[in-house]
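Submitted below is the structure of interest, expressed as structure tokens.
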Amino acid sequence: MKLLDVEIAENKMIANGIYLLSFESEYLANAFKPGNFVNILVEKDSIYPLLRRPFSISFVKENKVFIGYKVVGRGTQILSQKKKGDTINVLGPLGNSFLVDRFDGKVAVVGGGVGIFPLLSLCHELKKARNEVDVFLGFRSRSDLFFVEEFKEVSDNLFISTDDGSIGYKGNAVEVFKTKIEEENYKVAFSCGPKPMLSALKSLNLTFKCYISLEEKMACGIGACLCCSIKGKDGNMLHVCSDGPVFDIMEVEI
Amino acid sequence: MKLLDVEIAENKMIANGIYLLSFESEYLANAFKPGNFVNILVEKDSIYPLLRRPFSISFVKENKVFIGYKVVGRGTQILSQKKKGDTINVLGPLGNSFLVDRFDGKVAVVGGGVGIFPLLSLCHELKKARNEVDVFLGFRSRSDLFFVEEFKEVSDNLFISTDDGSIGYKGNAVEVFKTKIEEENYKVAFSCGPKPMLSALKSLNLTFKCYISLEEKMACGIGACLCCSIKGKDGNMLHVCSDGPVFDIMEVEI
Amino acid sequence: MLEVEISGVKLKNPIIAASGTFGFGREFSRLIDLNLFGGISTKGITLKKRAGNPQPRLCEVYGGIINSVGLENPGVEAFIKEELPFLRRFDTKIIANINGFNKEEFIELAKILSPFVDMIEVNLSCPNVKEGGMIFGKDPNRVYEITREVKKVSSCPIIVKLTPNVTDITELAKAAEKAGADAISLINTISAMAIDIETRRPLIKMVTGGLSGPAIKPIAVRMVYECFQKVNIPIIGMGGIMNYKDAIEFFLAGATAIQIGTVNFVNPNAVSEIKEGIENYLKDHGFESVKDLVGNIII
Amino acid sequence: MLEVEISGVKLKNPIIAASGTFGFGREFSRLIDLNLFGGISTKGITLKKRAGNPQPRLCEVYGGIINSVGLENPGVEAFIKEELPFLRRFDTKIIANINGFNKEEFIELAKILSPFVDMIEVNLSCPNVKEGGMIFGKDPNRVYEITREVKKVSSCPIIVKLTPNVTDITELAKAAEKAGADAISLINTISAMAIDIETRRPLIKMVTGGLSGPAIKPIAVRMVYECFQKVNIPIIGMGGIMNYKDAIEFFLAGATAIQIGTVNFVNPNAVSEIKEGIENYLKDHGFESVKDLVGNIII
């Protein structure tokens, strides 16, 4: 974990309101594991926004770090206006990572909306570990699609769904995943997405392990402020930023 | 007085920390009289800085409005980073103006530091009204000089002074002006500059009329908030933004 | 859709210009249409003309400004003669913001003014004067006493403006309600201070002044919410409202109407933008009237 | 040049990490050198382990954040066993921030902790718990009582941390001084609230929380200044300090030392930047020690 001033290499729109930002950082690129995130100060000396903003690292390529994000408020709005050559301050890598292994069975990866970002490099690693990977991605609508080609490359089967059915299955990623559970012999699932999606996933009562990446509002991002605490199964407090963001779905209340 | 979104035509450094900004505005260019100022919102939706920043209009040329300013804090810092094509919101023209006439005698114009900005168009008008104009400009140092060529064109005699004597007379503009008062038959003087300079001017007890342009911290710039009030001679409150910024030096407490 | 009512006075919309930030309307009328406002609360009026405090009166801080105008105003007579006729030309409710240095002055001001205006706002919260104002306003007993007396002599509804510089603002709200106030308005500015580290002098000549602007908004929303739990008279909420979203927060917290102050300096068009924003919000969220928002927070 | 003293405890510099924003130092130690701090005030400690408040606990507002952590902490025993040894490795003073739900708990905590730490900060100002905390802290009599009892049993100097959510903070300061406090620290967060206008729910599950960050700075500076006029014990000032300039304001207003909280989240290097900034300021302005700045405002 380091505090780094990095120079933006590229920052481009890749879908409706979705941007992909990249910068060079040998340190981060090497230290990174799928699931990690960074805490970005979008504007120096700004008091509004005041806090850093947490974003998963979508993937790294050589020494370049790529962050996909959706413009939802003032912080991401400002970030989206940054140009090549502008400097941003990045704190990372933060948090734990997805457990990647050679599983003896199929792997399912289920992502919805901005939750899709951290899953790309996960799939990459899962494939590298020679797993068979089924990917389920849910988007709002056809114009919101992103990373589709990239996921094709790192999956065996890719199932796209949209809320409005404008492309792929109509419905969300969990619904599609559900239809496959019985046909396929999944050994493990990984997921990231909005809370309702994760709750739906939990209520499937999967017979195999399922790891999810969570979000909570964060101030420090490193485990010091205790703003991002959630209750673990045993009543113990878990900190999404430092004990997570990846948790065994059975170990957390959602 | 109007609220205008204008597009920056140019914004360049013209001396050490001094910038000249211009934008097209037929309305402002026509409505403008020397001494008027504008209240600029340097950043939309910003809460820090929050208030608009007041700046004199230095001069207009056809439909272009020129504003000279010095970077002193966060607002002017942000302004200095604006580029051609960026939009700023301008409220103006505000305030009263210098009385321009054909005076039967010489006219003295005394400016110090950023107080020099509003005097350029004044001199222009004074010359247009066929006056003989002596201009006294005080700067910190040689590297701080600006508008010198421009003032040469609209004055009969130009006296430059610097605090450190690195160019022109050593001392401030009022000291130089003082040495000329007895030789010359001034009918009227105009001045703008830091408070100590204006106090020095007042204590000369000039036998002719002297008009000065004042500064106070401003919130509204239009006479509504009463933040910029100063005491007039008769104890009445005067508002620098709406009764001024130009006052007869004998009518105000400084 | 936007109409609200305060003790029988109908405001065509819930947006009121906050006292002291809008003068007597004349200056802003050159820039915007005063008819846009549901109401205008005047600059604080005193019995006699007042020069106000020495310079500097204003400084800027993170997300706000500190002012110490100190109730500069022409006095009640000049107001009635020279300012009120102008204000009366517009289709907006006129609220006279009154300031006494003792109980008698408040009574006198209410007597003189209430026949001429739509409502009176009793400012028991000015932090920028040595007597009266906030000194009274911090004590529930004085709030009760002054409110009761002012109410007795007023021929129009009275609003009591509360100071946030207290341990429990609901005590003041309850005192005002018990004394017969038709509404309360909150918050006035928060006592604050800033220092120029180069000169080592306070940035406000009077040392402390009143903080307003976005920085105080979450404190104001909290106080409106607290008061809404404790009193039944309408609340006029204010403090740091910059846009329609901020306004909606105040309604949800319990405000029947809002005042906008500092934002007028930044964006004189705020009133029309906020008006439009509220309308759109109501439509988009299926509400028929702004009244449906009041206190409609889901806990 | 930077050394200051509080009741015999020498801080090598006047910068203290504010309670609750710095955990027990462990996390930040991976990022910055803890030796940079004059002192570290720990996360609020209670007798028993506490889970804290439900989510959401945090939201951002104009120029600040609202938190409602609610004193999540491992309890005093775990602190002493698992956290203190780590903290003790650094050349910085350790201040234990203690939180009781009644007088006895405060006494108990002080008894247990005072042999192990350099100072105790008695938190009479936590806005995020239903009992104890701010409820006690708003009443000068309770402040007096608890301070006196804690002082009696403490083998190290005690600091009393005051809440800003009161009419007159100097009353609390005086009560603490009279009861024997070695210093006071202020301000804790200001009770505040924000509402999500889309869900119409409060952005903090507990509805209200504590506002910190730059937005509260001018209020904090004012309170430090007020207390400096009224008490003779050292004041530790905090609230919205983002950089060395803000720190200097607090010294000029009367603070002997400062705490930095929210800024740690934004800029973990703040401590070293502020340290350097203060040093340069002292040199540039011809002061020999930061002590020369304390209360050195020119009115």
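Think of it as A, B, C and D in the order they're written, each chain with its own count starting at 1.
Definition applied: contacts are C-beta pairs under 8 Å (C-beta built on N, C-alpha and C of every residue); 3 or more make two chains touch, one makes a residue touch a chain.
These are the chains along with the protein names UniProt gives them: A, B = Dihydroorotate dehydrogenase B (NAD(+)), electron transfer subunit; C, D = Dihydroorotate dehydrogenase.
Bear in mind the structure is a predicted one, so any value in this text is a computation, not a measurement.
Engineer: Farthest from chain C by Cα centre, which chain is it? Let me know.
Structural biologist: A
Engineer: Which pairing of chains accounts for the highest number of C-beta contacts?
Structural biologist: C-D
Engineer: Taking each chain's centre as the mean of its CA atoms, how far is chain A from chain D in angstrom?
Structural biologist: A distance of 36 Å separates the two centres.
Engineer: Where the centres are mean C-alpha positions, what is the separation of chain A from chain B, in Å?
Structural biologist: It comes to 55 Å between the two C-alpha centres.
Engineer: Just give me the whole-number Å value for how far the CA centre of chain C lies from that of chain D.
Structural biologist: So the centre of chain C lies 34 Å away from the centre of chain D.
Engineer: On chain D, where are the residues touching two or more other chains?
Structural biologist: 62-64, 214-215, 242
Engineer: Two or more other chains touching the same residue: where does that happen in chain B?
Structural biologist: 47-48
Engineer: Using the touch rule from the top, collect the residues of chain B that touch chain D in their complex.
Structural biologist: Chain B residues touching chain D: 47-48.
Engineer: Would you tell me which residues of chain D are touching chain A in their complex?
Structural biologist: Contact set of chain D toward chain A: 20-23, 26-28, 30-31, 43, 51-52, 55-60, 62-65, 67, 69, 72, 213-215, 242, 262, 264-269.
Engineer: Where on chain C is chain D touching in the complex?
Structural biologist: Against chain D, the touching part of chain C is residues 61-64, 66, 138, 165-167, 190-195, 197, 199-202, 207-208, 211, 214-219, 221-222, 225, 240, 242, 245, 248-249, 252-253, 281, 296-299.
Engineer: Inside the complex, what are the residues of chain C that reach chain A?
Structural biologist: Those in contact with chain A are residues 62-63, 214.
Engineer: Touching residues of chain B toward chain C in the complex: what are they?
Structural biologist: Those residues of chain B that touch chain C are 1-3, 41, 47-52, 91, 216-231, 235, 237, 242.
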